[in-house]
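Okay, so chain A shows up in both of these, paired with chain B first and chain C after.
Right after this comes the complex of A and B.
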């Protein structure tokens, strides 16, 4: 049991429970801490990683800052490899190693905690190696343990685990954040055993749910991070919770809910440009019949705006301007691509001016609302 | 140092053509050009694609004996060709032990076979650059460990590749700036190549007679003859026709890319590409000075015997020799003794140097995969030191 944060709320009171898993040290894979004496027979070409540990710690610490009057943050359980957690003040403590057994136990415990009140919010985060065949597969730290003859016993069937948890866990809001590759390598295609679900069920009916799954890449693609740094998905999560992910204001504070977070993550990751890495994306799926509040914050929310012209060919000749009437306007001189601009939420004068025909100058007022506001100027 | 690669017969766009080119370019950069230029990654490599103007059978090959060849220019049968070329003399106990058997005889032969298969494998991820990169490591590893201890313990080709790639460190990230939470592309690529090898080995193991002649041989012959006829016919058009224009254009671009401190031009020509290049360098672009003309598996000598070149002089016959063209400073002609399409040049041309490779594989085709075998590039590198 590695609950690193416990607000001490009563078990039945409405709250948010989080389970955060980060696997960097794959014990039996090349570079792993036990590889020299107990190497995996089949490594699938996977090495030890670095970023998932940093990512999981940063996400756990991000979740500590969630402000949700409806379901304040109650507990955060962290399972890591290597099994060291550092809180925001840098205080280190040992947590459970992210083995298949420990992840299974932590998952069930998290599910049961969340079940105590159907109006709780349950957040699951995983960062580490992954595959995708018929189901999404996540790999624990002891993947490839040579003492386990069936390699699939140490492969997590995330798809079935999530589905079963929707049936077994009473909580209506379950948010799954999965930061792992989704490739289907030849070795996996040849594997004739199935990965293992973390939880089983005999139930068959599911009430209305808000259960989005945000994944750090599209099917068949890789997820990435910089060694020693939080992954790009984790960075996006932090920025979307704290700046861009609001759906709007309620009582003077900006609210981030499951729907707006999903929208923000999709736009944010598309805008991330990492040299040497294919375009990033966030795949948002899952069953959502309603949106649930996750976080609220005071102060300034930001908007991912996209200033464009119709026709798009006009962009190359356009002087684009975005003016809030207070500060000096933001300007961009002719470029062929639409203008991606991060702005504080609010009202703006948006204009396109041309020094010569055939396009016409255009200007209008635009309310820039988070998480994303496109703004297309018709200059024909 | 600009390099022009002129491909041979039967090369058509599509399939793994682009990745083949990337792998081949990468191997040229990692081996041949590595010690000749300060930064081989920036060396210009021209790949004129004349196959687009080559033979295009009007009945799609219906005249072939069983008429069943619908995908000309595709890579059908290429893995069988690779096995016939590089592993026909071994007796693998089963289809999943071809590379292992080969490796126990010679680790470099197994590497050649695996990498050649890798060059023609489509695993869904681009691996051309990584293949070239890892080829260098693989040959260095084989030189240092001709018979590694783990080789005795592995049971099949899959395990062999697993151990080899682990030993090569292919699991380490290509860059320290980014790590991906999944497999390395080169790993998955070569593991996929092993599957192709096993599938193709089935046919060869179950039918030893198949080693002598396989269905793809017929279609290759058709395109081989077809490309020759088309070239000879089109050459008489104004300016030499589209094939001449394509290759000549690449030669001219490479010629212009020479720099004061990097002034050498290399032309590598495979098979029919050698004949075309020789024809162009002697008749259509005789002002271009070539520092090394490397013909591989080519028929330049045969074409001259038949007096098929534009400037062929029918009066020159045995026992006389033709002079090496004045605009070619050095000419090396590489021929695999197993390649029935490779002909010598030294009995006909003065100062052309025939270099023989002998795989002791007495079969029809050692013709397709020269440029995807790391050992070929290693040998080429040694030759180019003499430039």
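Right after this comes the complex of A and C.
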């Protein structure tokens, strides 16, 4: 068991329980630490990864900072490959290796911890290799172990695992964050086996749940991350929890809930433009019978703003300005795209000026509130 | 005290009847009012606002947000003009751009810094997009049969009006074809499970077209990201605009907006369902919505009627099965019978239904320890569709050359998919 954070709250008291899994070292795949002596018979073209370990560590450390009066962070369990975790102070410790067996045990333990109070919040995060067939498949570190004849025993059926957990685990709020590819390789289509669920259940009644699933790419697509850096999805999560993901203030603090996080993540990832990488996206699925508070913060919230002109052709000739009346205004000169600008929440004078006809200068006051506020200047 | 009226800036077809949630926040970021309003002009918010500045934001099923700031300091009323960041190229396509996950406009793509990389990716996986051809199919007791659908105002048949319109390419370079099919209520019932097949090169995709009085299909160019990604995207708009917006919100994972819109629409839907299930497809959407947002108590007994009375609709028994599963002591015999009944009828028309059907059969099969041959056979059948499904599509969509044998193109025995029977789309 690799609980790297335990607030020591009573088991039955309302709290948030997180399970964070990151698989970079795929032991039996090319580049993996056991590949030389025990290579997988079929690698499906998959190599060792760089990003998932650092992504999972950064997400685990992000979750430590969650502030939720209704369900404060209680425990964070981390399962990694390689099996080293570093806390925010850089203190390293060994954790369980992210093998199928250890992930299964960690999942069940997390589910049981969360079940202690139905009003808890359960957060699951996985970063590593994934496929999508009729179900979403996640791969543990020992995928392709040549000693395991049935390859599917080391393939996680995420779809059924989640479904079963919604039935089996009493907790009403279950947020699933999946940072993995969703492609469907031809070799996988030919594979006549079924992946393995992490938890089973004899229950069949589906009670109300807030259980969104946020995934780092759309169906059939690859997920991306820069080598040695947190994945783009993990970066988006950090920024959305800490800056952009609130949906308004309540009692002087900005609140991030399951719905607003989902909205923010979708907009944030669409705005991430990475040279050499196709457009990024965050896919939100699952079910949600109500919204749940995840985090709140005081101070400054940020807004993903989008400044546009109507007609859009005017953008190329426009000097755009966004002025909060305090600092020097933000300016942008003549480009064909709408202007994506991250701003502190507040009120701004937004203007478009032109040095020559046919467009008209335009200016107005605009409130900018998180997560996303677009505004269009009608300059016809 | 002052009032706010909301106007949607863009011209709309019947999408003006669709409901969207609007929220109003003050200058401190407190959300002080929410209401679902129709996209039609001059929707008045039912709230008296204190003097001040307010941000009015509407969430569109496309995933975009339209926003406007209004100043109520010295005025008894103000209009919040909401503009969508993506604009429909023509009024008759507004349903596709505002009520569905919006296709990226060519103009928007042209300005992106990654446009060149996208172009290179596109060239890598599809040297030159092959113009698609289309076929229509029905599925029923007799299995899969092709249904010729010809341009014009047919006499007899299922449609009162058919229009294949490739002129959309003049307004949106990425548009390939717009098909509009009109029917009426009695004909819809006989149309039953209705599908469009879109074929381009090795790619052949079947997409459900839930029967409605107005069925619209918009085929747009898609830049393939890998070899399995078809070079086209098929967007289907079918039925009541608010129902479409609800499907859009659910498909994009915007559950909060779905709940907001659904609460108002449900009152209408519940009445419709009580009134002998006039529109089976609308009833199915209402059922999916209620299950997805946990309003099980409002499902009453009409899920049974939906499953029993609309005999051609596979979605009905799926909804019934999951309604039973939500009850305190689920009747597992009925759950099993309903899921098998759904498979016997065909493939659910909505992706939500395909997901539920697979998950339900999978659960029952596990509980039975693999000792129930009928369940196993049904699961195997559904698995083959689920394995080639496009899970992001609101309506069910799967890859196949022959609809009874779903498969990805690379696994097909023939090198190219068959030609379509309809007009070839101009390049």
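Things to note:
Following the convention adopted for this analysis, the second predicted complex is superposed on the first by the 380 of 380 C-alpha atoms of A that agree within 3 Å, B and C clash if a C-alpha of one lies under 4 Å from a C-alpha of the other, contacts with A are read in each partner's own complex, and residues count from 1 in each chain.
Everything below uses one rule, namely that a contact is a pair of C-beta atoms (placed from the backbone, for glycine too) under 8 Å apart; a residue touches a chain by one contact, two chains touch by 3 or more.
Remember, it's a predicted structure, so these values are computed and weren't measured experimentally.
Once the two complexes are laid over each other on the shared chain, residue contacts for A:338 go to chain C alone; chain B is not touched. Legend: residue contacts after superposition of the two complexes on their common chain; A:205 is shown touching chain C, with no touch to chain B. With both structures placed on the common chain, the touch criterion links A:10 to neither chain B nor chain C. In the superposed model, A:276 makes contact with both chain B and chain C.
Of the two partner chains, neither chain B nor chain C is touched by A:118. Shared-chain residue A:187: touches chain B; no touch with chain C. In the superposition on chain A, A:222 makes contact with both chain B and chain C. With both structures placed on the common chain, the touch criterion links A:128 to chain B but leaves chain C unconnected. In the superposition on chain A, A:347 makes contact with chain C only, not with chain B. The larger set of touched chain A residues comes from C, when the choice is between chain B and chain C.
Once both structures are placed on chain A, chain A residues 183, 186, 190, 220, 222, 275-277 are touched by chain B and, in the other complex, by chain C.
Only residues 25, 27-31, 53-55, 57, 59, 63-69, 71, 83, 85, 107-108, 110-114, 117-118, 121, 225-226, 228-229, 252-256, 292-296, 322, 325-330, 332, 335, 358-359, 362-363, 366-367, 383, 386-387, 389-392, 408, 410-411 of chain C touch chain A when the two sit together in their complex. Chain A meets chain B in the complex at residues 29-31, 42-47, 49-52, 127-131, 179-183, 185-187, 190, 216, 220, 222-227, 231, 274-277. Listing the residues of chain B that touch chain A in their complex gives 123-124, 162, 165-166, 169-173, 175-184, 187-188, 191-192, 195.
Of all the residues in chain A, the ones that touch chain C in their complex are 132-135, 159-160, 163-164, 183-184, 186, 189-190, 200, 202, 204-209, 212-213, 218-222, 246-250, 254, 259, 262-263, 266-267, 273, 275-279, 283-291, 301, 306, 308, 310, 312, 335-338, 345-347, 364-370, 372-376.
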